[in-house]
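The structure under discussion appears below in the form of structure tokens.
Labels for the chains are A, B, C and D, by order of writing; each one numbers its residues from 1.
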Amino acid sequence: MTASAVSNNMKVSTDYTAQEIIVVAGAKVLEDKKIVFVGTGLPMVASLLAKLTNAPGLIPVFEAGAVGPPLKRGLPLSVGDSKTFTGASYVKGLNAAFELTQRGFADFGFIGGAEVDMFGNLNSTMIGDFPAGYQKPKVRLPGSGGASDMAASCERTILIVPHDKKKFNAKLNYITSPGHLDGSPNARYNAGMQGKGPYRLISTKGIFDFEEKSKRMRILFTFPGETIESIQAATGFELLISPNVSEFPAPTEEEVRMIREDIDPTGVFVKRIAK
Amino acid sequence: MTASAVSNNMKVSTDYTAQEIIVVAGAKVLEDKKIVFVGTGLPMVASLLAKLTNAPGLIPVFEAGAVGPPLKRGLPLSVGDSKTFTGASYVKGLNAAFELTQRGFADFGFIGGAEVDMFGNLNSTMIGDFPAGYQKPKVRLPGSGGASDMAASCERTILIVPHDKKKFNAKLNYITSPGHLDGSPNARYNAGMQGKGPYRLISTKGIFDFEEKSKRMRILFTFPGETIESIQAATGFELLISPNVSEFPAPTEEEVRMIREDIDPTGVFVKRIAK
Amino acid sequence: MENNDNMFWTGLSPDEAREALVTKDKSMRDKQMTLKEAVSRFIKDGDNVGIGGFVNIRQPIAITHEMVRQGFKDITLSFHSAGMAPDILAGAMMIRPDHCSIKRIELAYWAHEAFGLSPVWRYLAERGMVEFEDWSNYNMSARFKAGAMGLPFIPSRGPLGGDICKTSRTKVIDCPFTGRPIALLPASNPNVAILHVQAVDKFGNCIIRGTDATCPEIAMASAHTIVTCEQIVSHELVASHPKDVMIPFPAVDAVIQVPFGAYPGACRRHYYYNGDHIREFHSLVTPICKGGPLDPLKAWYEENIFGVEDFEDYIEKFGNKKLMADKAAESYNCERLA
Amino acid sequence: MENNDNMFWTGLSPDEAREALVTKDKSMRDKQMTLKEAVSRFIKDGDNVGIGGFVNIRQPIAITHEMVRQGFKDITLSFHSAGMAPDILAGAMMIRPDHCSIKRIELAYWAHEAFGLSPVWRYLAERGMVEFEDWSNYNMSARFKAGAMGLPFIPSRGPLGGDICKTSRTKVIDCPFTGRPIALLPASNPNVAILHVQAVDKFGNCIIRGTDATCPEIAMASAHTIVTCEQIVSHELVASHPKDVMIPFPAVDAVIQVPFGAYPGACRRHYYYNGDHIREFHSLVTPICKGGPLDPLKAWYEENIFGVEDFEDYIEKFGNKKLMADKAAESYNCERLA
């Protein structure tokens, strides 16, 4: 790569997609030399990008049992993918991975959901009338997978939810993966859970944290093109606003190139927009 | 071996020791193609003899984690001995071995103790004033090891206790490995334990079972030279007598030879009497 | 379901599970048989069937095909995360409910990660055709583990704070040591475990590569276990690497060599996913969810399951070129000298 | 002890154990250091020390020698079955209680199987010199497992029906699912685990041959773990066999290569027992139990521990011929081409 190519690649991308900025934001939220319990989909892409950029010493753990794989064979299609085992430091099964997590080995848990409330509780089980309609939901989602366990036992969780008024709800249809529960003091501890709970939420519109006292979702970064108002308008509950709210920089050309060429060249999880 | 040597070896031994008849009796109590959880010491010798004689398909399990080893490298010095792992079908650690047992995989458990009562409860913890003197016992024994777990979870247990009035006690100093508890109906089940409890007891004087209703120790076989009376006289509680009580045959020369030459040639567990 | 409030056991109760193992022949004997025989002998109507593998990795696909051919009634499926195995079983219920019926599902996740959602799951659940009980992955793994340990329950943090506590048989107690709440999950002891692994000896000692998923625990929890494998190997080879054995022989009842037995899912060291085939199957189900006809799905079952003698005939249809490509993809994931 | 009726935590409480791990640096970094440094950094007065191995297999003997050299006060020892490791630590307390003191022992068995009883254990217990708590092997393994799982307790059948329930902190409850009694064992989370294994990479990934004993659980339950090993090997070699890794690197804090680190005990693939040396040590203690003088035991410690710089000097005393013989004995147990 020539010097001019490098400087080119530091240029801001003009054609990045909503999923791509989620991936870039996810990578930047992760910290070097920490252990991240990686859920399926975009969290895998973000963890790979983090390892290639700001967090080369990041240690991924996958629920099917791999600890610390280098992921040199490319993007796994599953959290139990063969690619997660090659070169790993430890390979067992699901019990072992979740036991490590319950013990306190996972600094971060990285999970998605179909619906989120202001306290970072997530739903990935059902849409419909609960509890009466639980056995015959309007929309049946896949179910918890490991998300409920990661939510209960990882030290801090990073949530990914596409931003949409129907998905950012005052009341969830079903709480699959508990966050800060009702936001009351020590709610998680009192419920018997471990860890500090939701740390960041990344949507298609910005990055959020959870205000320390109220545990309510708070705008921390707006994505390019969004404002506090546009984000609030797409949210089904009242958002808090960080005193230091700022705009998250658009992905660089190099970041977008890495996602498109190095990490997910066939668009398994990061979908291409048809040209 | 010539034909005459074979017939010689079927002859009754005239110089077998008390430990040797225990080993022979232990081997004969074991059944072919069953799984036996083997405690340390004489149970290991008896299991090896059983594999070489009446129970070639016997499957030994050792608490340190070996399942089904062929034991072709000789007598282990420990239930975690390297010899128990070579050629085994499964090798993990203590949790795995005891979990299998708690699940119901062990048809027999083969354990020793320093003291036994009429219901087959065993003590291998302490001699002294209990509970007041628990923290400063008169004699401190090694402790349960795996015996308490085998007693609680193997389907049937075989006990070995050298016969002595001080060791066959109406009341134990400490119950390390529970047998039929107080002998009341369903006592084990009601206490939450698994399995049918003590099946046979082998002493230096005979073989005993436990009468079905009362769960009390009962003479089943007297060893050569012993009578019902001589055994009762050496026992600190009243023994029941089986309607079919008979004399257990003395070990054959071949059985004694196998113990002395093939199984425990250096007298690790089966001590030689100084000539 | 509402009834999950009242405790009941699906599959075997802890005492029944113990008794089943105590009375079973656990000797070291040759357990090789045909898949037809294994399914017919060990899977009964009304059984709770524990499914091994994880999502589309080492799912016991060949076994599910044979189950569909033979038919099943009122079974319960227990798994953490699964993909094609329940798809095949439940898809059969969509087209021939007289021949194949599922009564209940205990699960954490039914979808396909990179290969999308399961329209079969949506079809069944949204029409109220089966009762189900949601758990998390760890909950199900731990429930099988409790079953494998001979325990009636295992404690877990996993479901605390969420609605899984309300819609499952979880009991939350105050820990008698710390005073803090802790969840107790009832053990799962299926009647039969269905598993696919890399290598087994004729006695049933199983070597698993890559994730063990929860296969060892499911096998040890169940009253019976059917194992298909890529390779049957000698006991001597297995016993020279006893620490590689993840399931010991007394936990296994039937051993059948079925190469590609987890296909179109993946099997470490052997083959990677055939994602196109997974998506193709879904493309036949999705229109039915929207009211379309059952015929294309019926045709798929006719062609691939009912119309063939065994799984080998199904695999044959893919052609060697495609199978070799999927093997080559896995060789890249996991490079080894032959 | 009587006070075991009232629940208390030795080592770390479950919440403290969680916090210790959360705040610890779990990165993949070089953890090689001297044994001197490891013992001095990670073992503190008052600590609960979890001892790995089983009876005289893979006991962390070199670590106990260094602990004795440096001295320790009011420590608690936690193990299931152990032999020479507690013998060495407690023998030091017999001769130099000012320098080495044990406050409490949580154990299942302290003796030597084929090599007899432990006179050291009898000496300490029968004189009331330490408080202790009896458990069974599985109880201790399961307590470490609970600690490794981040749980406050684990259910077990093990102690039911016997006096272990009365003399330990076990709680027996009626199972909320079956109504039958079940025992709950409090987790054990030692401050520090001391282990000896066959091979480790510099990050702390441990490969164990033969029995795992309860080493993985003890390591993962403890706040810190010191591992000595026969061989330090490259991470690349270890990572090419990740399923052989029994303890993952984040659970390990110090890695030290100490050949013969479990001697005179045995270490699979490396050396078999030196039973004579074990018996010789006991022959110095037994007379003391009967009122004899401490001098011969003092002389043993002087010669083998206080008077040498490190464990290598102690091993040197056995002479190559004897060490080779014990290696040859193990080669017979476990034949392998070099």
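The definition used in the following text is that a contact is a pair of C-beta atoms (placed from the backbone, for glycine too) under 8 Å apart; a residue touches a chain by one contact, two chains touch by 3 or more.
Owing to the predicted nature of the structure, the values given are computational and were not obtained by experimental measurement.
The chains in contact with chain B as well as with chain C are D. Taking A-D and A-C together, the chain pair joined by more C-beta contacts is A-C.
Mean C-alpha positions place chain C and chain D at a centre distance of 39 Å. Distance between chain centres (mean CA atoms), chain A to chain B: 58 Å. Distance from the chain A centre to the chain C centre is 28 Å, each centre being the mean of its Cα atoms.
Across the assembly, chain A contributes 66, 85, 91-92, 102, 153, 194 as residues in contact with two or more other chains. Among all residues of chain D, those that touch two or more other chains are 150-151, 156-157, 175, 180, 182, 243.
The touch graph of the protein chains shown belongs to none of the named shapes.
Of all possible chain pairs, the ones that touch are A-C, A-D, B-C, B-D, C-D. Interface of chain A with chain D (complex): residues 33-35, 57, 59, 66-68, 85, 87-92, 99-105, 107, 153, 155, 194-195. Of all residues in chain C, those touching chain A in their complex are 1-2, 54-57, 80-81, 107-111, 113-115, 117-118, 121-122, 125-128, 131-132, 134-139, 141-142, 145, 156-164, 166-167, 172, 175, 180-183, 210-217, 266, 268-269, 272-273, 275, 330, 332-335. Across the interface of their complex, chain A is touched by residues 17-22, 25-28, 148-151, 203, 205, 220-221, 235, 238-240, 242-243, 245, 248-251 of chain D.
Touching chain C in their complex are the following residues of chain D: 7, 13-15, 150-157, 169, 171, 173, 175-178, 180, 182, 184, 186, 209, 243-244. Listing the residues of chain A that touch chain C in their complex gives 40-41, 63-66, 73, 77-83, 85-86, 91-95, 98, 102, 121, 125-126, 130-131, 134-140, 142-149, 151-153, 174-178, 181, 187-194, 268-269.
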